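Next come two complexes built around chain A: one with chain B, the other with chain C.
Moving on to the complex of A and B:
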């Protein structure tokens, strides 16, 4: 007999398929945008801002070589001095969220804590994508309308 | 004592035909479970395992996490 000691939460946190009544409900990992720009700590803010803006974003996730999240640049941080290195400009150690968290729960949390975006990561800190508050709120609203209509 | 395994070892064992058992209560099992897992809550595990599980295939048991 074997014991998968880290259990169901480890499996769900890795964004792997599951079964059950929650399986069809949208989760943070489903709605998070995996095409979010990323950068390294040793880049300059000016270079990163240009790249992020060209991609149509106002946020960038700072990662290391393994894709582990180290920091976050939201619109406020991106507006800083162009010569500053990302290491000094970023918001270090941002709160991250696991992919299995229900998107309604994320929407409520982001509104309550005034978060415009939130990095979604695996349990070992690797970036899955960036969840935007507008995406989370819209998805939660659509879900509520759909369930209200069905019930 | 069961042998502890990680996620990758779990996937390999399942590919090889292992039986997955979730030992959490039925409500939690109903909400989220690993694909193909059966439910044998801790209180029933000892009594029912022999009836439900095939003796010749490996068995992997899991809960929510190790806490």
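Moving on to the complex of A and C:
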């Protein structure tokens, strides 16, 4: 039997404090929106779409009772048949990203891959928030301008 | 015994056959990347040494 002991990446993934020259740079977990709407697998798409729209979002993260990400509904999935259960409508097992990933790299990848949003989770899959491409790109640009101005 | 599933695309970084891009989950991604390459590029994992049997 092997007892897994968490390492440095798990420490960072849990959003715990770090030191060093890169510690102050914005990370995915800093920019990800924790107020993203969430839903459960057994809800109907119509109900969820209404709630998500009322909150001013076009994406929703599907989680279980422990906050572990099970799926994702982006605008394409949210536009489906209202009677369908979330389980059938969602994009299952989406790629997730850790909170310590540099926002600049996420922005670059999200633009390259034309990805509108990306779920940020801890190492054990619990939702931290949804990183929106516009937020990531804006933060990366501000950082670049700030560093350009300082140099 | 079943045959391994036919992969849909290749990682643009290392050439590994993959079913879809591990960054955007799209099988038709022009810049498809495998799980290991995505995680290394984003610093989510550190490169692991190869394991040997002996």
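Keep in mind that, in the parts below, the second predicted complex is superposed on the first by the 146 of 151 C-alpha atoms of A that agree within 3 Å, B and C clash if a C-alpha of one lies under 4 Å from a C-alpha of the other, contacts with A are read in each partner's own complex, and residues count from 1 in each chain.
Going forward, a residue touches a chain if its C-beta (ideal position, glycine included) is under 8 Å from a C-beta of that chain, and two chains touch if they have at least 3 such contacts.
Treat the numbers as computed from the prediction; the structure is a model and nothing was measured.
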item	value
Partner chain in contact with A:100 - chain B first, chain C second, else both or neither	both
Which of chain B and chain C A:82 touches, first, second, both or neither	neither
Partner chain in contact with A:141 - chain B first, chain C second, else both or neither	neither
Residues of chain A touched, compared between chain B and chain C (which is higher)	B
Contacts of A:18 with chain B and chain C, given as first, second, both or neither	first
Which of chain B and chain C A:114 touches, first, second, both or neither	second
Which of chain B and chain C A:6 touches, first, second, both or neither	first
Those residues of chain A which chain B touches in one complex and chain C touches in the other	9, 100
Partner chain B, residues of chain A touching it in the complex	1-12, 14, 16-23, 100
Interface residues, chain A side, partner chain C - complex	9, 91, 94-95, 97-98, 100-102, 105-106, 109, 112-115
For the chain C and chain A complex, residues of the former touching the latter	21-26, 29, 31, 38, 41-46
Contacting residues of chain B [partner chain A, same complex]	2-7, 9-10, 13, 18, 22, 24, 29-37, 58-66
